[in-house]
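Two complexes follow with chain A in common, the first pairing it with chain B and the second with chain C.
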Partner chain A sequence: MTTIDTSIYSAVTEAIRGEAQRTLSEGLVTAIVGYAAARRKGSAQPIVITNAADSEKLIFSPACVNNLTVYLTKAKKEIPKTGRVGIVVKGCDLKALVGLMGESQLKRDEIYIIGVPCAGVLASTVQPSQELTSDTIASKCRECGEFLPQGCDFVPGVEIPAAPELEKNYSAEIARLEALTPAERWAYWREQFSKCVKCYACRQVCPFCFCEQCLCDRNKPQMVESTPRPAGNTAWHIVRAMHLAGRCAGCAECERVCPMDIPLNLLNRKMARELKELYAYEASFQVNDKGPLATYDEKDDQSFIK
Partner chain B sequence: MSRIGVFVCHCGENISRTVDVERVALQAGKLPGVAFATDYKYMCSDPGQNLLKRAIAEQRLSHVVVAACSPRMHERTFRKAVESAGLNPFLCEMANIREHCSWVHEDKEEATVKAIEIVGMMVERVKKNRVLPNITVPVTTRSLVIGGGIAGIQAALDIADAGHEVVLVEREPSIGGHMAQLSETFPTLDCSQCIMTPKMVDVANHPRITLHTYSEIEQMDGYIGNFQVTVRKKARSVDEAKCTGCGICMTKCPQKKIPNAFDCNLGMRPAIYVPFPQAVPNTPVIDRENCTRFKTGKCGVCQKVCGPGAVDYEQEDRLIVEPVGAIVVATGFKLYTIEEKPKGSPIKGYGEFGHGKIPDVIDGMTFERLASASGPTGGKILRPSDGREPKQIVFIQCIGSRAREKGISYCSKVCCMYTAKHTMLYHHKVHDGQAYVFFMDARTPGKGYDEFWRRSIEEEEAVYIRGMVSRLYQKGDKIVVMGSDIAVGVQVEIEADMVVLATAVQPQVGADTLAQKLGISYDKYHFYSEAHAKLRPVECATAGIYLAGACQGPKDIPDTVSQASAAAAKVMTLFARDKLEREPIVATVKEAGCVGCFYCKKVCPYGAVEEKEIRDRQGNLVKVVAYVNPGVCGGCGTCQATCPSKSVELDGYTDEQIVAMIEAL
Partner chain C sequence: MHSEKQKHAFEPRIIAFVCTWCTYAGADLAGTSRMQYPSNVRLLKFPCTGRIDPVFILKAFQQGADGVLVSGCHPGDCHYIAGNFHARRRFAAFRKLLEFIGVDLDRLQFSWVSAAEGGKWVEMVTELTERVRAMGPMREFRELALEEQWSGALDAPELKEAYNSI
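And now, the complex of A and B:
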């Protein structure tokens, strides 16, 4: 077990508070979406502040796991209507934010991005009071290459300590599944999907599931069976994976909120890998007007058609 | 409740041979919602259509399913019939039990079961069909013709003579194309220039033809009736308005040693030039690649000698946007050059015939220039190597054509006839000479064609040897041609002074890029594809674009001219009314579900999707959604496939209809 150096987080917290104080008091923004301490020791929760005096409530810690970008589109629709909104984002969250800009859901000049240098956050399975170590760190952070968000309006000027080399859970699991026969792999996913209770928490938390009426809720015609039965469950998760292909930023919120512990981000990472290999595309800090699934080129790799 | 009529067609025996059509009709009659079902030998025939119309009236049918061929074949036919019986034409659907069933299966029992299922699917689908009113769009009664060869010229003249404006775009500095290069034409041996140049002058003088030479198509937007075509007018370096065509610039140009492509590089031309004396327009162009002024900055003689001051070294490419309603593509052909395998060409090289290595091995077009009175030798047949008259000449046919192993399986169609013509021209000019022709078959269908070919043998003394040439090499100043005469079964060896190769006809360079700009399809050789090989031979699958001449496939002059006039007739049909009725198969957006991600806008190949603001009564912006312009929408359904929230649907192909079809199975 290796302890991960999170000493910069207090300096980051100070810097966020200072920037929030300044931007709110100067009227640059009308609200800031960030993290605040929650009741349990060490835990954190999302907060929306509209008052400069509330800036002191903002924190950044290894418990700040949420991807806050959903608060700009669907979770709290009234917030963006107030004016330009500030938002605290980690590298993974920023990719989602950038993706939403590419899909006409957000305009760059309507948001004020406060990027945080991040050494990793805790896995959802451990207590928030625990120390960030090679055992307690979230799986997504093990394979993260974006500790420092880019293209933000403000980023605290701190030096990120060198990250230790960590075991790559997703890559290992993808390799394990790829080594299986199609029948075994199908059995694995059928088993996973059979656990689904159709609570749709994965959909609600996903920044890219921004449809006002999900096609899975339609009944004329019914595209996806609504009851939690294996066939409908599988259909739902495949639709989700396909819709996220070339869009998913890897914040892994779906996997964190799943009450049945379905490895949803594993599916997303596999799709992301396919997109990278086939079309040399991956979610990044650059706004992309036309994702790989909205373009067609005769020279596109078609080897997957068998 | 629906009262659906199902009409099962035998298609002669095309369907009934493998599908028990009576059983299909019987089973269809039992489907819920079906009020009437019958079968008939030829549904598309007049009695067949009358049967359908009568049934609609007598049985009070609400919807119609015709189980027959592909909708591409007869959907329009039956929708028209349904419309004349008083139903909305879009309440009629076709169940394809020919291409999708009888033609691809052998087992009658299985094919019959499948046909019943196909009909069942379409019955469920047609129940969800909506009444769709036709859409009318305005038509710009102006047309664009791409290519100024005989095809483009004929089409442009025909359309302009009918009273419509034409924009004719030609890549080269002059119109005329390949026909201007020919000496005499089969089967009458009239002079090509004599019949071509008056037409070229007609184009130049026509009040309704705008001519853009030395120009290329940059971009095309829009749709039938409403295209916006951007033409790049390349910098000619000579002001067309000022130039009088006196030609002094050409005589004074110090750089005179540039091979003239019009004469197949046999003659030379200056850097400022017109490709040939009869060029239209008679305005020179500066070949900037070879001009001393452009290469070194020194010279400028042409500018000094030009009286009207037309020479303009600073001229730049200009982009002109031409709004047109119809487009005729007539980009013609090129001859396969055989010295090596051209980059990207499907054909492998024919280096064994020495073209490019042995100077007196030439292609058919070069022979035309030698035989032409306006050619580099003034019409004398002389060897390019030493200028001597060849006394033994060998013509070899099918070079590249009909050689599957070399990459081209088609027949180039014109070579048999022009080779026969070449032997005659040769015999007329070199009385003591002897022409030999190596051929596989002589293909001479056409009015007066076979007689012409017979004449070359019987009266003009050409010796035809059935067989191919195996080897050809230079020996002294002779070319030894070794081949076989399979009619007699002996090897033949001829010491020739000149060899003429009838090389394959290929589409013009860049045919594929132009097709991509226009959104038309092409085959593996890059010949453009017609909408239907037999019934729509001059139309592209893309509405409003028509084909003329050898860009569609090898053609001789009579065929080219016929097709050009046919394409012109199609354009005139389109222009006969100022509004165009088009199918209402277009996409519509369900604004309630649309979240404005505009993926539809990104993927729409027609540029039909616009952004639309939804405001409340106070005028506050609620959201921005997609809007499909029905006049522009091509009905491809790409938006429907892309929309993540399923908020855009193609009328006639709604999710409800598709799911109903799946559930019927």
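And now, the complex of A and C:
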């Protein structure tokens, strides 16, 4: 077990506070979505501030796990409808933000992006007061290569300490499943999906699930059964993975919020990997007008079609 | 003269999602040319392969299909110019997802059949039917649907018997 150096986070907190203070008092932004300390020791929660005096509430710590971009897509009462809105993003969150811009859900000049140099955040299974180590770090951070967000309006000027080499959970698990036979994989997923209680927390927290009416909520015709029973659960998770293919930014929020601990992000990571292989597409900091499944190339592989 | 119809222990149910401009016309040509092909295949006509949502395939399996066929115009022949190009990418991705979930991809077939290829249609449908017949019924999704009717913990002999007779 190695400790991960998070000494930069105090400097980052200071820089975020300073920037929030400046932008709010100068009237550059009408609100800032960020993280604030929560009641439990060491924990953090999302906050929307509209007053420069509240900037002192903002923090950044290893417990700042949320992807705040979701608040920009699903109307939140606290966020003013007019003016530019500031948002605090980590590298993974920025990819989601960029994806939303590519899908015309957000306009770049309507948001003020405060990027956070990040050394990793805590896994959802550990207490927020715990120290960030190679054991307590979130799985997504183990495979993250984007510690420094790019193309932001403001990024605190701190040096990110070199990250230790960590075990890659997702890659290992995908490789393990790929090596199994179809029947064994089916048994694995059947067991996982049978845990699902259809709370739709994964849909609620996903920045890309912004449809006003979800296909899975429609009942005329009903495409996916809405009850939390095995057939409907399996269909829901397949549809969810398919609708996020080529869009998912890999923030792993779905997996974090899942009350039944279903490894949801495995499906998304697997699809991202396949699309990278097939169409050389990857979620990045670069705004793409069209995702891999919204466009085509006449020379696409069709070896699977007779 | 019709050849003697062979009797099989298992007749697979195959659902074919076809585009109206090419494959449907191709299947029609096979019919008007009096070519013989297995009657296991049920055709569902769509305006274009681009209209065929992966969720339809899922639904077909859930409703008891043993095999699914998706067929449309050859690349470049799409009535709507690019519908089949989009479909090609979507299905390439969907195949990978189903494979990862644990569905045997031999049950899922994609093809391009033009309005002039009645022969290719017959050949492909025959091959798919025989392949799925050899694989036996698709149990995975049906078992999931059955799980909804009684709890997995219940294991009474009469339930087992009822299950086995399905």
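What we mean here is this: the second predicted complex is superposed on the first by the 298 of 306 C-alpha atoms of A that agree within 3 Å, B and C clash if a C-alpha of one lies under 4 Å from a C-alpha of the other, contacts with A are read in each partner's own complex, and residues count from 1 in each chain.
Here, a contact is a pair of C-beta atoms (placed from the backbone, for glycine too) under 8 Å apart; a residue touches a chain by one contact, two chains touch by 3 or more.
Quantities reported herein were computed from a predicted structural model and do not represent experimental measurements.
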* To do: For A:Cys199, decide between first (touching chain B), second (touching chain C), both and neither.
  => neither
* Looking at the overlay, what does A:Ala231 touch: chain B (first), chain C (second), both, or neither? -> second
* Thinking of the overlay built on chain A, is A:Ala245 touched by chain B (first), by chain C (second), by both, or by neither? -> second
* Asked: So, does A:Leu215 touch the first partner chain B, the second partner chain C, both, or neither?
  -> both
* Have a look at where A:Leu278 lands relative to chain B and chain C in the superposition and call it first, second, both or neither. => second
* Asked: Given the touch rule stated above, what does A:Met223 touch, chain B (first), chain C (second), both, or neither?
  -> both
* To do: Kindly classify A:Glu103 by the partners it touches after superposition: chain B alone (first), chain C alone (second), both, or neither?
  => first
* **In the superposition, chain B vs chain C on chain A residues touched** => C
* **Residues of chain A that lie at the interface with chain B and also at the interface with chain C** => 215, 223, 293-296
* Asked: Which residues of chain A touch chain C in their complex?
  -> 177-178, 182-190, 194, 215, 223-224, 227, 229-231, 234-235, 238-239, 241-242, 245-246, 267, 270-271, 274-275, 278-279, 292-298, 300-302, 304-306
* **chain C residues touching chain A - in the complex, by the definition given at the top** => 53-55, 58-59, 62, 75-76, 82, 85-86, 88-104, 109-112, 124, 140-141, 144-145, 147-148
* Which bits of chain B are touching chain A when the two form their complex? -> 592-593, 595-599, 602-603, 624, 642, 644-647, 655-656, 659-660
* Please name which positions on chain A make contact with chain B in the complex. => 103-105, 210-215, 218, 220-223, 243, 289-290, 293-296
